[in-house]
Amino acid sequence: MANARTSSGPANPRFFTRSGPFDAQALAEAAGATLVPPREGSFPAGGYTGIAPLQGAGAEDVSFLDNRRYASLLEGTQAGLIIVAPAFADKVPAHSAALVSATPYLAWSRVARLFHPKAPPNPGVHPSAVVDASAVVDPSAEIGPFVVVGARAEIGPRCVIGAHAVVGDGVVLGADCRIGSQVTLSHAMVGERVIILPGARIGQDGFGFAVGPNGFETVPQLGQVVLEHDVEIGANTTIDRGSVNDTVIGAGSRLDNLVQIGHNAQLGRCCIVVAQAGISGSTVLEDYVTVAAQAGLIGHIRIGAKARIGAQCGVMSDVESGADVIGSPAMPFREFFRNVAVLRKLSKKASGPAEDGSGKG
Amino acid sequence: MANARTSSGPANPRFFTRSGPFDAQALAEAAGATLVPPREGSFPAGGYTGIAPLQGAGAEDVSFLDNRRYASLLEGTQAGLIIVAPAFADKVPAHSAALVSATPYLAWSRVARLFHPKAPPNPGVHPSAVVDASAVVDPSAEIGPFVVVGARAEIGPRCVIGAHAVVGDGVVLGADCRIGSQVTLSHAMVGERVIILPGARIGQDGFGFAVGPNGFETVPQLGQVVLEHDVEIGANTTIDRGSVNDTVIGAGSRLDNLVQIGHNAQLGRCCIVVAQAGISGSTVLEDYVTVAAQAGLIGHIRIGAKARIGAQCGVMSDVESGADVIGSPAMPFREFFRNVAVLRKLSKKASGPAEDGSGKG
Amino acid sequence: MANARTSSGPANPRFFTRSGPFDAQALAEAAGATLVPPREGSFPAGGYTGIAPLQGAGAEDVSFLDNRRYASLLEGTQAGLIIVAPAFADKVPAHSAALVSATPYLAWSRVARLFHPKAPPNPGVHPSAVVDASAVVDPSAEIGPFVVVGARAEIGPRCVIGAHAVVGDGVVLGADCRIGSQVTLSHAMVGERVIILPGARIGQDGFGFAVGPNGFETVPQLGQVVLEHDVEIGANTTIDRGSVNDTVIGAGSRLDNLVQIGHNAQLGRCCIVVAQAGISGSTVLEDYVTVAAQAGLIGHIRIGAKARIGAQCGVMSDVESGADVIGSPAMPFREFFRNVAVLRKLSKKASGPAEDGSGKG
């Protein structure tokens, strides 16, 4: 049933504006790719007008092949221009031009962005917004309906603050940030070009308490959150501020939706944290670490540069640079899958041939 | 201690309105159940006035038994009318009438709804709402305080849009939808009778980026989200829009709280996704798939119709229709529990009798 | 790189106000600790002015040592006053005074709070708030911008309701509650001194439906949520109201971010639920239970007092009081780690010495 659905294709005009048309040369430049003209026929006279998947594309559409397992779609496509890796260049149909790139996904991304650029900020403060008199909002910034901007907050040039976002007292946003609807930001120093999707919570109290004579007593959380340049934060993700030191998300790092970052955690440059993963307090990720979905890292450990933490992994101790770990507790990938195989074999042996063949549980 | 708490019972009048009273026949009709009069005494003269659990119910209350392990409560109950499965019909006390149904939970649900109907929409737009002049809001819809409705959005008859919800540019809502407080909806086509609980995020950018020369570059996310008829979405759940194709939640599907749905994922009809589960990008669920709590599905796989994915399961490859899998990596239920048993036995043997009996860790 | 970052230190004045200075005696009283004067030199004439970590502290700063593994930092610190456990009292530098406490973290917490007290409420209702005429708001409470307070809701003395929070019809908040920005509260009875961080969702419909002839039918959720005194709830956490009985969070319990609590769940006093854990419907936690991060509890089970559920644990059946369990399915800690060790040994044996030594995967 899901298969039978017809999609509106990419870039439904209800939701997306479109630039163009663009000629093949302009697209090649945007893509940083090598242009190969069609072996039969010519480029469309009016240029290319948009993007489309291989199956639905026409003579004025740009399409792309990124995943080897969809290569068979090249044969039947009507796309006028196709972005491919060198290995597939000779499989492009005769009537199609090609943009050949060693990084076809990146090339595609840039072409798609050319046709569908981000809307620029619409400068000004919505009349419903509540902006403290001591806040400094750059006149080129866009402040949406019902936004609250606290005392002494600073909002940089060309920032876009979505409806209902709350920018707390003293928070600083660098240039060109995009803050989604209903984000809350407090106790935060934010760099440039930072993107935060709707509902993310940045800078609230960390989970800190001491056992007192009459129950738990909250420990004051006196640090802040630092989001460096080019960080992106997913929807409904939570990043607690530090207790004494800062919680830091390094430049270029990307967090998916529903991620939890505990107080004092420090992520290096260009880390990736996929949906529903959690990083406990005071843990350090060096640069280029990847944490896959639903993984969990205990507090006060260090993950070396370029390490990769697998999905649902439970990390209880330091991980070396460049390591690939998975499982709970975490272990090297090959060890994990060897364990799985060994246990399966032992289990089959234990259950015996009769039961195994019976089909009953 | 938790046991000692006294509950206000169901339907605290602070929070719930009440209809009725209803006589036994009306309740039997609503429930689609067979009415069995009390063996001693008669129906209450004024009808039944409400619902209550077996322990707290009185002669004018309707109660129900759904779970076999609470069957002993039948003996002492004072409930005037009890909804039961046929197997328990003869265990209903002599002073109680019975509504006998092969689907007692469904019958109970309908009786409870009769006493406590959903409040109808209160048509009109709250004066604090910001509704774009080009949006089309049906006059029978209710738009709450501080709601934002974007350009060209369409809101169908009898929709209720809760306080602070943001309905983005171009979004379409069919008839009778209920959108909770502080929901954000963008790039979304929504069917009829769709319910979205507070804080859900629908239609934001998916997690897509390419590696460029200076770090990650965001890939434009040019698809949309389609929520078909009768879909329900839990609180703080996140559903990203498609990158090229659409993210689709099939008719009648129900997602619990804090669920993550990646871009281009497609769920069939009447799927169930329980709290904190995550479904990665481009994965397809056929109809009637159940994904239990905290399970995670990798991207680009297909789950066959009626498959059941167990709690905390980690699914890394396709699952056949009708299969029951659990574990990380996923395996058939019986294999998983056999593995657990085999490992326990081996582990006991390895530790030896002395250590095992020592009681020390 | 993360290491090289310089922090603003705790309590950046952009975000935190500061009280003081305080003399050593006042700090000793606040901390409930024993004051030991410096062996060389004297107390600072003007008192102590703030807190700082051992590395960055000066002669007028208070610092503390909580974690044995940072003990070497004592040697080089310039801190004027150091909070330590008795075991470290003689390691405090000669120029520093000491506050010796059997509970140094608690002592630290109280000293930090003395320097940085919570801002008191700023009584009054922001002019943008929408407060129903039938609601009762104590005049000492602070109601932020764009807050919505429903019919017959009651807000106690000195409560602070953050921007955009929605307090539903009939909800009752006791004295001194702090409700974060963009929290939604409905069908809830809330005690005193309850703290809810931004984006938490309290009281929405539980995940309840029956299978009807044409798909799922929603079962009315007719219970409520009870948050007892001194409860704290993390950011973007979701607590569904009961279906028939109540969902209860016992006095003094603390829930971290992104936690899910299903309908009718009951938590006892002083339970701890760490980030991204989930507790399914109708499950009961007795007092002082700890549930670590990303753990999941199935519905309709009972966890005994003081039990500890490990990170990522999958609990499918009752747990005895005082037990320590981990793994999925849950088992005693020692059994889990013994299993891990046994499987590793078997797996190494199976792979053989050649492969094991080859270094290839």
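Here are some notes:
Each chain carries a letter (A, B and C) given by its place in the written order, and its residues are counted from 1.
FYI, a residue touches a chain if its C-beta (ideal position, glycine included) is under 8 Å from a C-beta of that chain, and two chains touch if they have at least 3 such contacts.
Just so we're on the same page, UniProt names per chain: A, B, C = UDP-3-O-acylglucosamine N-acyltransferase.
Values in this document were obtained by computation on a predicted structure and should not be read as measured data.
Shared residue numbers account for under half of those found at the interface formed by chain A and chain B, and the copies are therefore classed as meeting with different residues.
Chains compared, chain A against chain C: the Cα-based superposition rotates one onto the other by 120 degrees, nearest 5. Averaged C-alpha coordinates give centres for chain A and chain B that are 28 Å from one another.
The set of chain A residues that touch two or more partner chains comprises 128, 146, 164, 182, 199, 236, 258, 269, 276, 294, 312, 328, 343, 346.
Only residues 1-3, 5, 7-8, 10-12, 14-16, 51, 53, 103, 105-106, 108-110, 112-113, 116, 126, 128, 144-146, 162-164, 180-182, 195, 197-199, 230, 232, 234-236, 251-252, 254, 256-258, 269-270, 274-276, 293-294, 311-312, 328, 340, 343-344, 346-347, 350-351, 361 of chain A touch chain B when the two sit together in their complex. The touching residues of chain B, counted against chain A in their complex, run 128, 130, 146, 148, 152, 164, 166, 169-170, 172, 182, 184, 186-187, 199, 201, 204-205, 207, 209-212, 215-220, 222-224, 226, 236, 238, 240, 242-246, 248, 250, 258, 260, 262, 266-269, 276, 278, 280, 284-287, 294, 296, 298, 312, 314, 316, 328-329, 331, 333-335, 338-339, 342-343, 345-346.
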